[in-house]
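Read through the structures below before going on.
Below, chain A partners chain B and then partners chain C, in two separate complexes.
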Partner chain A sequence: MNDFIIKRKAAIFSRFIAKKAAILFISLVCVFSCIPVLILAVGSVTGNYELSVYLEGVLRGQGKTYLLLLPAFPTFQGFIETLFYEPEFYVVFWNSVKLTAFIVAGQMFVAVPAAWGFSRCHGRLASLLFYVYTILMLLPFQVTMLSNYLVIDAIGIKDTHAAVILPAVFSTFPVFLIYRSFLGVPEEVYEAFSLESSSRLRMFYHVGVPLAMPGIKAAALLGVIEYWNMVEQPLLFLKTPALWPFSLYIPGISYDNISYIFVCSLIVLLPMVLIIFGGKEAVSEGIGAMAVKK
Partner chain B sequence: MRRKEEIRRIACKWGRHAVVMFLSVMAVLTLLSRVVDSYVIPQAAVCTLEEMQLSYEWKVEGRVRTKGRRALYCQENLRIENVWVQENDIVQKGDLLFTLDRKDLQTKIARMEEEIHKYDLQIADMEHASQMQADPQSFQADQAAEGDSNIPIVTPDQANVAKAGNFNMISSSAGAENSNAADIQRLEKKQAQESLQQLYLLREAKGQVCAQFAGGIFTCAISTGSLTSAEPVLIVEDFRQPFQFEGIVGGNGYSYAGADAAGEEDSLAMNESGAGGNLSLAGAGSPNLNMRGNQDFPVEEGLEGTLEMGDGDVVLEGVKISKVAEGEEGTYRVTAELADGSVSRTGNAVLRFTKESRRYRKCVPRSALHEERSGYYVMVVKEEKTVLGIKPVAQYVPVTLIEHNDEYAAVEGNISEDDKMIVDTNKEIKEGKRVRIVEEWS
Partner chain C sequence: MKKGIRNWREFVFLTPSLAGVSVFVFLPFADVVRRSFMNAAGRKFTWSANYQAVVRNPAFRLALGNTGRFLLVCVPLLLVMSLLLANIIHFCSSGAKRQWKFLRNSCLLPLALPVVSLMFVWQMVFHKNGLINTYLNLSQDWLNSSYTFWVFAATFLWKNMGYYVVLWLAGLEAIPGELYEAAVVDGAGVFARFRYVTLPGLRQMTSAAFVLAVTATLKSYRESYLLAGEYPDRSIYMIQHLFHNWFRDMSVEKMSAGAVIVVCIFAVMVWPFRKK
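Our next item is the complex of A and B:
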């Protein structure tokens, strides 16, 4: 009896230890993953000279580079210069906002009906089409880049924001994500609505969209995160500097602009932090909806 | 659980609000940064390339004088009461030059009169002595007739022949000496009388000496209270004579017209050999003036220039240099004769010469040209695609300086006629930075 109690206590203790160890491990991973953000925050309040000393190895290609932990002489000079003396920063910032907003809005406009369609059609052709769609989703941008470029060049929208927005609007990932949300809605709900109205459009608007909203929100938020930081598409399609998003503008690191780089990076990080903070529940719900089996 | 849900809901709501607030703040800061940018962006005045000949202006500072001058003398040892003119003054005929002390003049007259009287007496004495020596018997008779019994009467038979002969010879020699001395006294008296006449004239003029002709005072050797001497009291330039310009170039008084302006920017040496610096004379024998660098400009006889007198109220075109003579310490004296009637007075003047270079296709204002260790460069404004759109941006363009005057420089380099070069800015401009064009330089 005593042995049993002792073994049981030992098992409970070992589980407790394992749980704590797991938490500690995960916490450490979280801390390490946050180090770049921490360095960014510290670097933004550090003077140019101090940064150049810390990051000599990066700047000169030789010498040592030290981890920024605390600035010896904290300063907000970088913020002042960036926010008040660099109108270029705002141009690229609003370009990023514009591109992201139009892409996500376009995606919602296209992906939600498309996902609804796929979820309501159960024929072989629909299944085949969805299969092809899924394959397209798996293709990375580098594969479709050339064909995208040729089409954009052919329709004459190269070096315009439309060249970045249009291909992204027809992205397959939100369709797939929202499709899974529509599938999660029980068939009985649609049947019950059919008793009230025979309009498919009303069913889509009044039943499908509200019930699949977590998936739609998740698709939108993931879209925002993805396109806020996009680099390859603007790099390929935008040649005019006035059209660049911030990802292309933040120039090469040098002694003169090192503080500026840190501040810019921190500022463009802020909206993402706020969006994730406000929409993390929607993202987790939406992604959870993908696990629903058909 | 319910409380947790509530916290999540509030967090989501505040998260959304924070995003909206962030974007609003960024919108305000966008406007603010544009306002700040309009104040802090360098403002530049620009110009374009010009095709032109560079003109070099030289000036010789000097004075317009007459070719002939007259000296004015005065009786010696007269005290000057007042001098009404000074050097370089212009006087007209009848203008008062100086005044003599009238008391001193009167004293001098009185003394001169006494002197003349003294001459009279001396001459009378000498004549008397001469007469007596020439005819002693009649002289004695005369003396006797006058009642002088002390004088012995000598008859011819009382003297022997030898003695008589010897006496006659001595008395005739003494008589000749007295006669010569009397003549000298008469001459001196005559001179004294002439001087006295002049003193009378001065007294009649109340001691005032006036100009007899229009002219300019060249030198004035007298001052108030001084005494006149044998030297001329005044040397006056006679305006009835032809005029000429006299000036000096070289040495300390070098007179490149652009020297004042160029002095501020002496960093702009003229040629690559580093021969830049001040004006120098080319050779000992030839009056050639080398402007800084490779631009030669000879000042030689026959060269035509423009003469400016006073404050520019007299301007004469086509004045030719008539003579260039080597002076002291590397200077050259330049003389230019002026046409009759072209000038009516003397005064300070500047003789300017202009020489033009060959025609250059790329000339920029001197203020657009900058110098650094590796050479010269200009800052060109070019329209560039920037993040803010197509904006003027400063670009560094190295150039080769060919030659320059005080305003423009002829250059060679990778600049075209359409390029706008920065001439003036309110702030330091860096390569690749935006500038705001505020005016076209002219």
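Our next item is the complex of A and C:
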């Protein structure tokens, strides 16, 4: 009897420890996640001179760098300069918005029907195609870069936004994600619907899409995050700086105007933070939609 | 094939995607395969000369080795750590669901931070004279030495942990509780329950998570490009770097042969995960 009690106590104790350790670990991850945001936020209200003192190590390649928590001379100069005086940031910011919006919208139009088709077709051809799609999804962009470039050159859309938007619209990654959430829809629902109407299109639009909506939303959100940060495709296909998204512009800003970099980095961070905290339910639910209950 | 004919209507839904992918991937890739057998100007057939040159290229071998090493380190670490964490959260969150929910949702924050912003902060932290070296009084060059590999691996894990924890949690919630109760009645301890109830229940999830994890690992090239440039330290030089530099130098014949080789490698790797 004593043995049993000791075992139970040990089990409860180790669960207690595991739980506290998990909370600690996740809290650490959260804290570390917030630190970059904090650094950027603090830095963006600090003046150029103060920043160059604190970040001397990084900026001048010698000396030391210190963490700035409370600027001695806070100023909104950086914000005013960025938002009102520099047209370049305005242009690259809205370039990014345009690229992201068009790509994700296009992806939804193309990938959702394709995922539905894959979830309903069970033939060998469909399996083979899906296999090829999975390979394409895994391949790093650099491997297919050459083939992309050849097509873009042949079509003649080099150095336009279409050169970045079109290949990304036909990416196979959202197909994979949305396919998994379509799989979760039970077959009986489709059978019930086909008693009422034999239109495939209606079945897709009125039954399939609403039921898989969490997965679709999650894929869209992930797509937004992914293409907001896009670097490789614009780097290679867009030569005119006026067409660049901010992810190419910001790394190129010289360290003379360091508070400008802080402000720009912060401004492009804000939409993402808003999306995550506004859409966190949709994202969690959507990621969860990939757990197929079969 | 009766099934094929009956399903042609479903197939129609695939056409927009298929058309686009054919134009932007399949057709040009056929051209790339053609070019891999020719010389740089694309006039003379050189058969397997390009393939031999690429396979013997030390940079290619280094890049393949590093990419493989990065994958082998990051993917299992990511999947295992996030699975353990999700397990603990799932089984120990009896009461106070709200605080767990908040933590679970804020796990996704690292994923949302734009890479350029993050890399700017990382420059400050990991630079030779950056925050870490200043506060710990070290002089290690974190970004240009063999530690670079671990810096990037840690960054990758930190960024993606939250997403995979949410994924595993959803998978764990799908396992019926009765199975666990039955296992307890049969006398199964914690590890036995994990091995015989949890793991089989997560099997489908695991294959999807694995594919996603490999994709995410390969995408982390972006961070290393922004932080370390086109010629980073030897330990982190991956095939993406190699192809990027070949593209910049317009070494078309090397890129073609290399691309075909890499696609074949991936084809073999993905074979077990195809739709059945």
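Methods note: the second predicted complex is superposed on the first by the 271 of 294 C-alpha atoms of A that agree within 3 Å, B and C clash if a C-alpha of one lies under 4 Å from a C-alpha of the other, contacts with A are read in each partner's own complex, and residues count from 1 in each chain.
By definition in this document, a contact is a pair of C-beta atoms (placed from the backbone, for glycine too) under 8 Å apart; a residue touches a chain by one contact, two chains touch by 3 or more.
Note that this is a predicted model, so its numbers are computed, not measured.
With chain A as the common reference, the superposed partners chain B and chain C fit together side by side.
When the two complexes are overlaid on their common chain A, residue A:232 makes contact with chain C while staying clear of chain B.
In the superposed pair of complexes, A:92 makes contact with chain B only, with no contact to chain C. Of the two partner chains placed by the overlay, neither chain B nor chain C lies in contact with A:186. In the superposed model, A:32 lies in contact with chain C only, and not with chain B. The partner that reaches more residues of chain A, of the two candidates chain B and chain C, is C. In the superposed model, A:23 makes contact with chain C only, not with chain B.
Our angle of interest has its tip at the CA centre of chain A and reaches the CA centres of chain B and chain C; in the overlay it is 120°, to the nearest 10.
Within the superposed three-chain model, A:275 lies in touch with chain B and with chain C [touch as defined at top].
Here chain B and chain C sit at a least CA-CA distance of 8 Å once the structures share a frame through chain A.
The interface of chain A with chain B overlaps its interface with chain C at residues 275, 277, 281. Interface of chain C with chain A (complex): residues 1, 3-4, 7, 9-14, 16-18, 20-21, 23-25, 27-29, 31-32, 85, 88-89, 91-93, 103-121, 123-124, 127-131, 133-135, 158, 161-163, 165-167, 169-171, 173-174, 190, 204-205, 208, 211, 214-215, 218-219, 221-222, 225-226, 239-240, 242-244, 247, 252, 255-256, 258-259, 262-263, 266-267, 269-271, 273-276. Here chain A touches chain C in the complex through residues 11, 15, 18-19, 21-23, 25-27, 29-30, 32-37, 39-40, 55-58, 61-67, 109-111, 113-114, 116-118, 120-127, 129-131, 133-151, 166-167, 169-170, 172-173, 175-176, 180, 200, 204, 225, 228-229, 231-232, 236, 246-247, 250-251, 261-262, 265-266, 268-269, 272-273, 275-277, 280-281, 283-284, 287-294, going by the rule given at the top.
The part of chain B that touches chain A in the complex is made up of residues 8, 11-16, 18-19, 22-23, 26, 29-30, 32-34, 36-37, 40, 385-390. On chain A, the positions that touch chain B within their shared complex are 83-94, 97, 240-242, 244, 249, 270-271, 274-275, 277-279, 281-282.
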